[in-house]
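After this come two complexes, each holding subunit A, first together with subunit B and then together with subunit C.
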Partner chain A sequence: MNAYLVSIATFASLNVILALGLNLISGFCGQISLGHAAFYGIGAYGAAMAAVAGVPFPLALLIGTLAAALAGVITGIASLRVREDFLAIVTMGVGFLFLGIVRKAPWFGAEMGISKIPAAPFDKTGLAAFAMFSAVALIALSLHVRRSWMGESFRAVADDEDAARTIGIDVAYYKLVAFLIGTAAAGFAGGLYAYLTQLVVPDAFGFVQSVTILAMVVIGGIGSTWGVVAGAIVLTLMPELFRFINDYKLLVYGALLLAVMRFSPAGMAGLVQRMFARRV
Partner chain B sequence: MLQVRDIAIAFGGVQAVRGVSFEVGTGELVGLIGPNGAGKTTVLRMLAGVLRPDRGGISFDGRDITRAAIHRRARAGIGLTHQIVRPFRSMTLVENVMIAAASGSTASPWQALFHVQRKAARDKAMGLLDRLGIAEAADRPAHVLPLGFLKRMQVARALAFDPKLLLLDEPLAGLSYTEAARLADLIVALNREGRTIVLVEHNIGEVTRVVGRLLVLDNGAVLAGGAPREVMARDDVRAAYLGKMSRQNE
Partner chain C sequence: MFALELTVVGLIWGCMYALMALGLTLVYGLLRILHVAHATVFTLGAYAGLLVANHSGSLLLAFAVAMIVAGIVGPLIYRLIYEPILNQPPYVALIASIGLLVAMEDGFRLLFGPYGLSFAANTWFTTIYSLGGITVNLVQVWIVAAAVVLLGAFALFSARTRAGVAWRATVSDRQMAESFGVDVLKVRYLNFFIASVLAAVAGVLVALLNNLVEPGMGGVISYKGLAIIVLGGLGNVPGTLIASLLLGVVESFGTIYLDKVMDRDAIAFLFLIGVLMVRPQGLIGARS
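Moving on to the complex of A and B:
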C-alpha cells in the first residue's frame, strides 16, 4: 500500500477513536464537550514526553492515555454542577487552558512543541494496522456499552438527571465514567498521533480540532456508533478528495453542521434510518 | 418507618416549611393535604432528597437520611413520582420502567457495563404497565404520550425498583374522573400488599376515600392530623383548606 493511503487510513482510525470517545460523553451521556482536542493533546504530549525520555512504546501510550483520562475525570468533577451551555463553556475553557499551558511552558517545548519523538517499534503500515485495530476495538466497546445497562443509564442521565436520581442512578458517577472512557480514548489517539508524526505542536490540538471532532459526531449522528464512525471517515476523506475543502475546512464543516441541524438532527445515521423506514 | 423531626426550609427569605414533624409507620397510607403553597410538595421533595432542609432531621428505617443523596435514598427504598411528569424522553414507555426495574444492575457504571440481559426487566416492566392499564402503549415513545399515560408510567417506574416507601406527588392530577378513581383504587391495593405510601393530592374526594390517615399542612406547618373524617370535620381545617378553596371558586 502506498504511504499516502497508509497515512489516510491511520488518520481516519484516529478520528474514529476521537469521535467515538466524544460520542460516549456527548451522545450517550448527554454531556456536551467543546474541548475534546485538549485530551487528544494531553495524550499526545504525555506519550511524546515519555517516549523522548526513553519509555518504550506500549508504556508511553499508556502514560498518554492515563494522563488524558485523569484530566478528563478532573474536568468531569469540575463540570458536575453545570449543564448544557454552561458545560460547553467549561469544556471550551479546558481546551484554551491546555493550549495556554503548553504554549507557554518551556518543559512542554512552548510553541516549538516536542520533536525528535522516537519511532514506534513497527513501520508506518504496522502503526496504521494498530490504529485500525484499536478503532475496531473501540467500535466493539461502544456497541457493547450501548447494549448494556450502562448505556441505558447514560441515556437516562442524558434525558433527565433528576428523574434518573430518583430511580437510584448515581448520576455523578456515571458522568465521571463517561468522561473517563471518552477522554482515555482521546488520550490513546493522541499517543498514536505522537508516534505517527514524531512531532507534537500546540496548534494540532486547538479549538478548531475540537469543533472538527464535534462535527464528525454531529454530522454522523450523535449517539449512533455507526453514524459517528461514518462521520469520522467521511470528514477525514473529504479534504483529501476535494483539495479546495482543506482551505475552507471550517467554512465547509460549519455549513454541514447547520445543514444537519436544519434537515436531519440525527445526522447521517438518522437519514439512513429514515430511508429504511420509508422502504418498509 | 419514617420519622420527620422539625424540618424547615426557606427559599430566598420565604419560609416555605416551618418546623414540620410527623411519623409514618410501616404499612400506612398517609395523605398529605393542604391549600396551594402549604408546603406539601416541598415536604415530599425533602423526604426524597431533592431538597435539603435548613434544619431538622429525617430518619428512614432507623437510619438518618437528612443529608443522603437522592439516589442513595432511592436505593434505601424510597420511591418518588413527580408532580410534573418527568419521562425519559428518548425512551419508549416500557423502557422508562425497565431502567428502574433493572436497578439491581445499575448500582455502579462498571456493574452496569457487564449486564446486558433485558428480559427480566422487560417482563417486570410489562407486568407493571399492565397493572396500571397502559400496557398497550408500551412500545410507543414516551414523549408523544398524553399526560394520563405518563402519570401512570411514573407510578410504574417508582414501583419497578420495589421501594418500601412510595412518595406520590399528585398522581391523580390531570387524570380523567375514571382514570383517577382507578389509580386511587390501585394505590389502596398497593398499600394492602404492604407498601407504605405518602400521598400528596389535591383531589380531596379521592384522598379522604382511600387514605388511613390525613396530615393537613397550612402555611408551612402541620395544622392537623388523624383519621380523614375527623380531620375534615375540624373547623380550623375547613377554614384553612376548604375556606380558601371556596374563596378561590367564588
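Moving on to the complex of A and C:
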C-alpha cells in the first residue's frame, strides 16, 4: 500500500470512530451535541502533551481518552440540567470554550499548538492498521449496545425522557454513560490523530470539525450504525475522489446537510430502508 | 474611569447583539427553531450594503437595499427550508440551518473572495467623539441609536398594531389564533421579515464598525446570538435584550481580565454555561 492510501485509510478510521461516538450520544440516546470536536481535541492535546513529556504510546493514548471522557462526563452532568435546544447550545458552547482556552493559554502552546510529538512505536502502516482495528472494534461495540438492554434504555430516553423515567429507567445514568462512551471514543481518535500528524493546533478542533462529524452522522443516518459508518467513509473519500470538491468542501458538506435534512431526515440509511420497504 | 469605559464599550456591543438576537428570539418564539442561518442573512445584508455604498456612495441607499434584500431572503428561507420540515424533531431544522450557514459561508467566499471587502469611504468610522475621556466613533453611536429606535418600534408594533396583536396571539397559541381568523402563514412571513431586516441593519453596522465585510463575519455573532437567546430564556423578548447587554459588558470586562486564559468567544460561552447551571431556564423565564 502506498503512503497516500495508508493516510486515507487512517483518516477514514478516525472519522468512523468519531462519528460512531457522536451517534451513540445523539443517535442512540437522543442528546444532540454540537461540540464533539472539542472531545477529539481534548484527546489529541492530552495524548500530545503526555507524549511530549515522555509518556509511552499506550499510556499517552489512555491519558487522552480518559481526559476526553472526563470532560464528556462533566458535559453529561450539564446535560442533566438542560434539555434539547438548550443542550445543543451548551455543547456548542463547550466547543467554543475548549477552543478559546487552547488558543490563548500558554501551557497549551496557544496558536502554535503542540509540536514535536514523538512518533508512535510502529510505522504509518502499523498506525493505520491499529486505527482500522479500533474502528472495527467500535462498530462491534455499537452494534452490541444497540441490541442490549442499555440500547433499549437509550432509545427510551431518546424517545421520551419523562416516559422513560416513569417506567423506572435511570435517565441520568444512561445519559452519562452515553456521554462517557461517546466522548472516550472521540478522545481515543484524538490521541491517534496526535501520533499521526505529530502536531496539534487549535484550528483542527473547531466548530467546523464538529459540524463535519455531525454531517457524517446525519448524512449516514442518525441512529443507524452502518449508516453512520458509511457516512463517515463517504465524506472522507469524497474530497479525495473528486479533487475539485476539496476547494468547496464546506459548500458541499453544508449543502448535503441541508438537502438530507430537507428531503430525507433519516439519511442514507433511511433511503436504503425505504427502498427495501417498497419492494416488500 | 476605566471600568466606565469598559461598560460603555460593552453596552455598545450589547446593542449590536440585541439587534441580532431579537430576530433569533422571534423565530424561536414562533416556531421553536434555532435559526442559525440568521447569520447568512446578516452577512448577506452586509455584502449588499457594502456593494451599494461603494457604487452609489450613499449609506442611506446601502441600508435600504440591504434591508430589502434581507427582507426577501429571510421569508424565502422559511418557505423553502423550514416550512416542509416543521413536523420533524427539532434537531432536523437546526442541522438544516447549520448546513445552510456553512454552505453559504463558502458561497460568499467563492463569490466575493476570501479576504473580505472594505468601504471606499467610511466617514462614520473616522468621525470620533470624545466625551468625558471615553472615545467612540459615529458607527458606535449609530449602533446604539439603531438598537433603541428599532427595538422601540418593535415594542410599539407588537403592543399597538393589529398585526402585532396577531403576532403575539400566534406565539402564545397558534390554534386559538387561527380559529380567531389570524392568517398564521402571514404571521410567519412577517416574523421572518422583521427578523431579517433587523439582521441586515446589524450586518451593515458591523461592516462599518470593522470597515470590513468577510464571508465568516456572521458565524460567531450567530452562535453568540444563540447563547444570548438561551440566556434570556428561549423565546423571551425582554430577557433577550437584558441578556444581550449583559453579555456585551461581561465580554468587555472579560477580554481585559481573562485575556491570558481564553478568548472573547470562550468568555461568552463560559458565562452562558455558568448561568444555565444555576438557572436552566435562562435568566428570565418560567420554570417549565
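Here are some notes:
In the analysis below, the second predicted complex is superposed on the first by the 280 of 280 C-alpha atoms of A that agree within 3 Å, B and C clash if a C-alpha of one lies under 4 Å from a C-alpha of the other, contacts with A are read in each partner's own complex, and residues count from 1 in each chain.
The definition used in the following text is that a residue touches a chain if its C-beta (ideal position, glycine included) is under 8 Å from a C-beta of that chain, and two chains touch if they have at least 3 such contacts.
Predicted model only: the values in this text are computed from it and were never measured.
Annotation for subunit A, partner touching more residues between subunit B and subunit C: C. Once the two complexes are overlaid on the shared chain, A:14 sits clear of subunit B and of subunit C alike. When the shared chain is aligned, subunit C comes close enough to touch A:255, but subunit B does not.
By the touch criterion defined above, A:208 reaches subunit C but does not reach subunit B. Contacts of A:152 after superposition: subunit B is touched, whereas subunit C is not reached.
Using the contact criterion defined above for the overlaid structures, shared-chain residue A:105 touches subunit C, although it does not reach subunit B.
With both structures placed on the common chain, the touch criterion links A:169 to subunit B but leaves subunit C unconnected.
The interface of subunit A with subunit B does not overlap its interface with subunit C at any residue.
Partner subunit A is touched in their complex by these residues of subunit C: 28, 32, 34, 81, 84-85, 88-96, 98-107, 110, 219, 223, 226-227, 230, 234, 259-270, 272-273, 276-277, 280. Remark: subunit A residues 144-145, 147-150, 152-153, 155-156, 158-160, 162-171, 173-174, 177 touch subunit B in the complex. Of all residues in subunit B, those touching subunit A in their complex are 48-50, 69-71, 74-75, 79-80, 82, 86-91, 95, 98-100, 102-103, 105-110, 112-116, 157-158, 160-161. Touching subunit C in their complex are the following residues of subunit A: 26, 32, 34, 78, 81-82, 84-86, 88-90, 92-94, 96-97, 99-101, 103-106, 207-208, 211, 214-215, 218, 248-259, 261-262, 265.
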